[in-house]
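In the two complexes below, chain A is the common chain; its partner is chain B in one and chain C in the other.
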Partner chain A sequence: MRLLTHNMLSSTIKGVSNGFPLTIEAAKVVEKQVDMNSDFLKNIFSKIEWKPFVEAAKTLGFSELPEEDVQPSLLDSHEFLTKFHHALLEIHLEEGALVCPETGRKFPVNKGIPNMLLLEDEV
Partner chain B sequence: MKLKQLEGLLGNLDQFSAPKIELEQYPTGPHIASRMLYTAENSFEDVSDKVVADFGCGCGTLGIAAALLGADHVIGFDVDADSLEIAYLNAEDLELDVNFVQSDIRNLQCRGKIIDTVVMNPPFGTRNKGVDMDFLSVALKVASQAVYSLHKTTTREYVKKTALREYNAKSAEVLCELRYDVPKLYKFHKKKEVDIAVDLWRFVPTPTVESDV
Partner chain C sequence: MPSKIADIRLVASHPEVYEPCDDSFALVDALLSDRANLLKHQPSLCLEIGCGSGYVITSLALMLEQETNNGIHYFATDINPDAVAVTSETLKAHGVHAEVMNMDIASGLEDRLAGLVDVVVVNPPYVPTPEDEVGQGGIVASWAGGEDGRSVIDRILPVADKLLSEKGWLYMLTLAANKPLELCGLMRRKGYASKIIVQRSTEEESLHVIKFWRDPDSEVQIKKAAANRGNPTSVFSRFSLLSFSGNGNASSK
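Presenting the complex of A and B:
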């Protein structure tokens, strides 16, 4: 699972008021190279919740993203784009769990597939 | 990629080995799937360089078609772990980077309109009434650009009215009518193969000013 997917998922357990972002527990992380598409990165940049993204990348072992003062002007830097691309699309959480920030309920991740199914009493 | 080439690749995908009737699992055939995604890409530019979600992806056919046509990020959502396992292997065989999430579409929230386009062949709601419209309702909430979906032609007026009035779609258009071959998968099927008329829809969601979490 890419961090782009992580950046849009949230816990929808009944009673949880803010299920985003899900905390990551990483047991296995893999990297898969893909071609960089600058236009795609420039378009998606404004939609990313940056702090959770940086935190997630750190949890998966990548800490080269800037944490503060992240302005769209950064997108003119090839160095920034390369790091953004890598963190967003090339690092995958393969085994581990996503954890609901309010209840601590774990959603297991196996073979890169998070199981977000809710139990009957959680709906 | 040419249409025939796309159809050929999709025709090689593994499909449900033991389809589950309660989930109305019918494979999306390569003919329909290739035309659906080809139209989305070539007539509307809704696929390449986009984030595409496949709702109720089953064995991953539509999402994989999107990835083959150049979507930058594809996520297949399905409630069924067995289907996702097949979908995962299908994507891997073609060396495509597709994400899969096990989730009930009806409980799904996707933050920030990151998804541009939703493609789906929802359960027709024959067994589980209204589930096709539940899928459509969620799709129109999470997509920023377009939703492509298949619905029985017999439900055309209802789908149009509900999408526009209740789900706040900006537009709802039938692109074409297709024949959906339902092979004899289940014991209750008496005929060898049934052909049903389905509409290929394109819905445009109403843009939201502020994205909600």
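Presenting the complex of A and C:
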């Protein structure tokens, strides 16, 4: 599971008012090389919730992303794009869990696949 | 570059996962027939709801593949834990990637991914069955569709509407028993035009692949017509008939 996906996932348990972002518990992290596409990065940049993204990257061992003053002008920097690309698309949570920020309920991630299924009393 | 689709010999399988069949082939044929439009469309995020064996999402990724990274990213969901594992294997066997997630429809994605998905592809559980078979686990979830085969389809359509971007397209496979005209009418009320892009009859079933896209003009027309006549229902059904008689050429935009 990529951090792009983590940034798009929420806990939808009944009664939870803000299920985003999910906290990551990482047991195994893998990296897979992906060719960089600057246009994609420039388009998706404004859709990314930056703080949760930086936190998630740190949890997976990557702490080179800027934390504050993150302006669209950064997208002109090749160095920034390279780091953004790496954190967004190349780092995968392979084994671990995503934790609902309100209830603490854990959604397991096995072989890179998050299990977001809810139990009957959670729907 | 010749367009490729998933190689059936490389599609992984599991006793509890629906294998690619006529319906899957019809959906992939529909996507292939629309491939040139899809490439021009330049989608950024694509999603398959109910990915099963992974045959369709793998084929979509392969047919849109280009020599350099095309910047298209894929998501695939299924409610069946065995299906997501099989999809993941099928993708790997073909050297393509999609983010695979085990969830009901797109439940964990609806908030954050709203309005961001350019292509949604669905081969829903469309077989008419007793209502109590819907939502059972395992392979039954791949086909059990409740009354008129519509129970899950009717839950998917509003989700697709929420997720689709302004330029978003939805490709959905339906059975004649699902009342495709009525589905087009439902979507028309949400501002979508529609067109059947593949029709296939087998001994057992008559399948359609319907493509939906946002059409601001039709929404305005509908509102005007409804205001003039004060009877929206009959107007909607008339418009959906029109779109079925080949009035949907905006898909080549």
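A few remarks follow.
Going forward, the second predicted complex is superposed on the first by the 123 of 123 C-alpha atoms of A that agree within 3 Å, B and C clash if a C-alpha of one lies under 4 Å from a C-alpha of the other, contacts with A are read in each partner's own complex, and residues count from 1 in each chain.
Rule of thumb we're sticking to: a contact is a pair of C-beta atoms (placed from the backbone, for glycine too) under 8 Å apart; a residue touches a chain by one contact, two chains touch by 3 or more.
Since the model is a prediction, treat every value here as computed from it, not as a measurement.
In the superposed model, A:12 makes contact with both chain B and chain C. In the superposition on chain A, contact is made by A:36 with chain C only, not with chain B.
In the overlay built on the shared chain, the residue A:59 is in contact with neither chain B nor chain C.
Legend: residue contacts after superposition of the two complexes on their common chain; A:2 is shown touching both chain B and chain C. Judged by the document's definition of touching, chain A residues 1-2, 4-5, 7-10, 12, 19-20, 32, 34, 37, 39-40, 43-44, 47, 49, 89, 111-118 lie at the interface with chain B and also at the interface with chain C. On the side of chain A, the complex with chain B involves touching residues 1-2, 4-5, 7-10, 12, 18-20, 32, 34, 37, 39-40, 43-44, 47-49, 89, 111-118, 123.
Those residues of chain A whose C-beta lies close enough to touch chain C in the complex are 1-2, 4-5, 7-12, 19-20, 32, 34-37, 39-40, 43-44, 47, 49, 89, 111-118. Chain B contributes residues 49, 51, 72-73, 75, 79, 81, 84-85, 88, 97, 99-104, 107-115, 211, 213 to its touches with chain A in the complex. The touching residues of chain C, when paired with chain A in their complex, are 44, 68-71, 73, 75, 79, 81, 84-85, 88, 97, 99-104, 107-113, 116.
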